[in-house]
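Structures for review follow.
In what comes next, subunit A is part of two complexes: it sits with subunit B in the first one and with subunit C in the second one.
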Partner chain A sequence: MAGEATTLQVEAATSPLILRTRGLTKAFRGLVALKDHAIELREREIMGVIGPNGSGKSTFFNLITGFSKPNAGQIEFRGRSIIGLRTERIVSLGIARTFQGSRLFPSLTVEDNVLAAAQLRHPVGPLDSVLRTARYRTRVDKAEAIAERLLDLMGLTAQAGRLASQLPYGDQRRLEIARALATEPALLLLDEPAAGLDSNETTALVELIRKIRDLFGVTVVVVEHDMDLIMAVCERIQVLATGEVICVGTPEQVRNDPRVREAYLGHA
Partner chain B sequence: MSGDWRIPLVLLAVCVLAAAVAYGAPHVLSDYFVRIILLIALNSILVLSLSLSNGFTGVFSLGHVGFIGAGAYVSGILSIPVQQKMALLPHLPSFLHWFSLPFLPATVVAGLFTAILAVIVGYPLMRLSGYFVSVATMGFLIIVNVVLINASDFTRGARTFTGVPLETTLPWVFAWLGVTLFVLARLVYSPFGRSMKAVRDDTIAASAVGIGVLRARLIAFVIGAFFSGVGGSLYAHYLGSFSPNTFYFAMMINLIAMLVLGGMESLTGALVGVVCVSILSELLRSVERGFTFAGITVPALFGASQIVLGFVFILIMIFRPKGIMGDRELTFGLAARSARARKRREEQNA
Partner chain C sequence: MSGFEYIVQQIVNAVSLGSLYALVAVGLSIVFGVLRLTNFAHGDVMMVGAFTTVLLNALGLPFVPAMAAGVVGAALAGFLIERIAYRPVRDAPDVTRLLTSLAVTYILENLGILLFTSSPRNFPLPAILNESWQLSGGAITFTNINLLTIALTFVSLLLLGWFITRTTTGLGMRAAAEDMPAAQLVGLDVNRLIIVAFLVASAYAGIAGVLWAAQAGVVQPQMGFTPLLKAFVAAIIGGFGSIAGALLGGYVLGALEIFIVAFLPSSVSSYRDAIVFSILIAFLLVRPGGLLKPNREIKL
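Entry: the complex of A and B
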């Protein structure tokens, strides 16, 4: 287990950069939510971002995915700046996310939630839809095949026809991950995926995150308050406190860092 | 989608029935009933055109009547016979004096005109959500009304616009209703329709899965406006004469009520809403004139029909807040499930 983690780490350290931020700063009317943030993510690594409440973790995700614009700094995804791009564009470049507290399409079925994302890579316009062209058929089939596979992976096949809003909470969280994966991302950002899950579900989530990385070759960033999950699944961890990076390292290094203890205890 | 083999048969039967009603009704029924059937079909086109943005995309527009009015006037101006144009609209730009279009092309041009108008109006407005977009589109309706009243070279201003040939017959309205239903059904139940509903449910989650929120809303708005323009043209050729206030708040409230009561997340819901409100208000209207039943004479109570209708609206909203149909479609068991869903169900049963 420990040996496996080290080999992955060595592998990750040599694989190419996928995302790099520098000097990333975001202030909300004087309140600096994120200050001079820098991170380097490599292909296929699983990175944790932790920090007390309000330390800027979600802000970091919102900036990368274009939901809010930074006041300063750079974001490079695969070597190109993505600052100022609209969210749809960033998603189509290969960054997908889930939301803290989950945001499904409540009036759509489980299957339609995933299809709404899967059709990004297999688009059919309004004209194709009205005329039901040959292209329409093949693209719809492809999107459906992807959705079917993802629902199967998440163990949601039996729920496919139910409304997303009727799912138990744990299933909703997995559905949100399935939906994010359906956009075929290279970088997957998970904002508190274990919140509200019981300990069995959290253990299963650790396995699931690894499996997702191995199957799809994605880079995963996990923001989470559940330290057991973070320590179990992440190869590297970045710690934020009041918008600033206070430490980056392996789970072992982070666990033993006095600044991290102080940040957490100071806020407790 | 292999689908259900009964569907083509049912569609064929519906078409035959519609054709029979369209061509046969005027010979069998009184003018009054023919008029009611025609207005139900015509209002169905208008309410359906509204459902695309208001129901399926979550952009609650109060401005579609502006498109209906614009479509009515555009089609009217294009189709007044050349001999009458000079007399009725002497200040029209001269190139519009030279020709007059038959009903069908005039209707298509009216639809295209309102679609282009919707692109221009929608581009800024579709960024708004919730009641902001409702109020803003209502502003558009008011602007259209003021323009119609003041562009008197084209519209005769507040005076009655007249001379439009009465060509809106049952077959025409049924044919356009068929086209509207066909296009909207294919759109709503396609990946594009799924994007519209995703945008309605949660714009943030929609953009997080790569859906262009503005694009989806704009397309829904523009296609809806096209059919509003078409409906406006049909209205113009049904009434023959009208004024800017024909296409104003009273019509807007009527259409919105039909849409909301029937269920705005369902195409057949829109139809159910139109049929229920139309029939109910006709029934109430005949009752309020007073009648004698089994020796009891009920005196005329003018205005009572409006009150009863108002109460019915309130009751439906209390007991079925998502309208009579909600988001379900009337399918009579046909095509209720896609082939895929059926397969899944069979697998589960096995």
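Entry: the complex of A and C
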């Protein structure tokens, strides 16, 4: 088990960079949410970002996906700056995320939730839609095939026709991951995927995240409170506290780092 | 005239009026869905459609092509309004956007008055549309324009339903209406969806504008105000932002107005609008989210 982790580690260190941030800073009304943040993500690695509440984890995701603009710093995705790009554009470059809690389209069906996302790579214009051209058919067929595959992977095939809001919570979380994957990303950001899940579901999520990485070759970043999940699934972990990076390393290194203990237990 | 025939006659009237309200309200709902904006200029887009029809008809274009051009003209007006006025303030606070929409209303109405003066002009309805049908020996009368209104509304709303539920673009619009940030996050081209929404909503306003003018017999620059206000009420009754709700609300309001006039003594029914709005207020106290959204708070 330890040997396996080391191999992955080496592999990850030699694979190309996919995302890099430097000097990334964001303040809200004078309150610094993220300060001088730097991270380097390599293709196909599973990285965890942890930290106490208010440590800047969600700010980090919001900056990368263009939901808010940094006050300073750089974000490079596959070597190009993505600062200032609209969210849609960033997604089309290959970054997908899920939200803390759930942000599904509640009154669309499970299948339509995924199909709405699959349009990105298989676009159909309004005219093609109305005229039902040959292009419309082939692209919709492709999108439907992708949706079918993703729903099958998430064990949601039987629920395809139900409204997203009618799904049990755990299923909603998996649907959100399926929807994110339907945009065919190279980098998948998971915002507290284990929140609200019981321990069985969390164990299954660990398997699922690995499977997703192996099947689709994506880089995965997990922001999480749940230490069990992070320690079990991540190859590297970055720890944030009050907006600053305090340590980066393997789960083992992070677990034994006194600064991490202090960050978590310091104010207890 | 027997009571039965009187009732049938009133139902025909109610469906005809309700169709117009529904057509306008549906457009308001489509725009509200993607922008969370009450588009007060929607009534003026109706005016653009009606005036385009009148002008082109005066220049010699036959009525039906002129009407089609009116619908296209309205769609174009909606497109330009979004591009010029609404897009720059899309991320601004709600109050700013609401005021922008009111400003567009005033600009369009005053532009209309400058170009055409505020006095009403005749709407050149072809004679055939003014012909009426008599049933039960004249007890039930409806004109061809009534029939056209009902039929055109029916067909265009069926088309809309198909577009929204059965096409990829429609799926995108439903997703964007549910949760705009999530829609952006799955890579939906929000700009394009908003443009499509304005084109579709404004085309429906164009149809409604021509039919409204045809029923009134005249066009004038402020003609959009009353239908806008009524459609706004209809949309709120149905559940603001819901397309099905707008449709339902349109017919409910049409029926209310017609039946108040038809069945209450004239001393009371001349207060029709006051009665309708009182009912609206009472209704909203009981069901603040409208008929179809009982639990959702209305946010303008």
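Basically, the second predicted complex is superposed on the first by the 266 of 268 C-alpha atoms of A that agree within 3 Å, B and C clash if a C-alpha of one lies under 4 Å from a C-alpha of the other, contacts with A are read in each partner's own complex, and residues count from 1 in each chain.
Criterion: a residue touches a chain if its C-beta (ideal position, glycine included) is under 8 Å from a C-beta of that chain, and two chains touch if they have at least 3 such contacts.
From a predicted model like this one, the values you see are computed outputs, not experimental measurements.
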Mind checking the superposed model to see whether subunit B and subunit C fit together on subunit A or clash?
clash
Quick one: is A:R259 in contact with subunit B, with subunit C, with both, or with neither? Answer first, second, both or neither.
neither
With both complexes overlaid on chain A, does A:K69 touch subunit B (first), subunit C (second), both or neither?
neither
Output check: A:E144 vs subunit B and subunit C. Expected answer is one of first, second, both, neither. What do you get?
first
Subunit B versus subunit C as contact partner of A:E88, first or second or both or neither
both
Contacts of A:K211 with subunit B and subunit C, given as first, second, both or neither
neither
Based on the superposed arrangement, let me know which partner A:V130 touches: subunit B (first), subunit C (second), both, or neither?
both
If you stack the two complexes on chain A, which partner ends up touching A:A158: first (subunit B), second (subunit C), both, or neither?
first
Which residues of subunit A are in contact with subunit B in one complex and with subunit C in the other?
65, 67, 86-88, 91-92, 96-97, 99, 103-108, 112, 115-117, 119-120, 124-126, 129-130, 136, 140, 143, 179-180, 182-183
Using the touch definition up top, name the residues of subunit C that touch subunit A in the complex.
163, 167-172, 174-175, 178-179, 181-190, 196
Touching residues on subunit B, where the partner in the complex is subunit A:
182-183, 186-187, 190-195, 197-198, 200-202, 204-213, 219, 223, 265, 327, 340-341, 344-345, 348
In their shared complex, subunit B is touched by residues of subunit A numbered 65, 67, 86-88, 91-92, 96-97, 99, 103-108, 112, 115-117, 119-120, 123-126, 129-130, 132, 136, 139-140, 143-144, 157-158, 160-161, 179-180, 182-183
Residues of subunit A defined as touching subunit C within the complex:
65, 67, 86-88, 91-92, 96-97, 99, 103-108, 112-113, 115-117, 119-120, 124-126, 129-130, 136, 140, 143, 179-180, 182-183
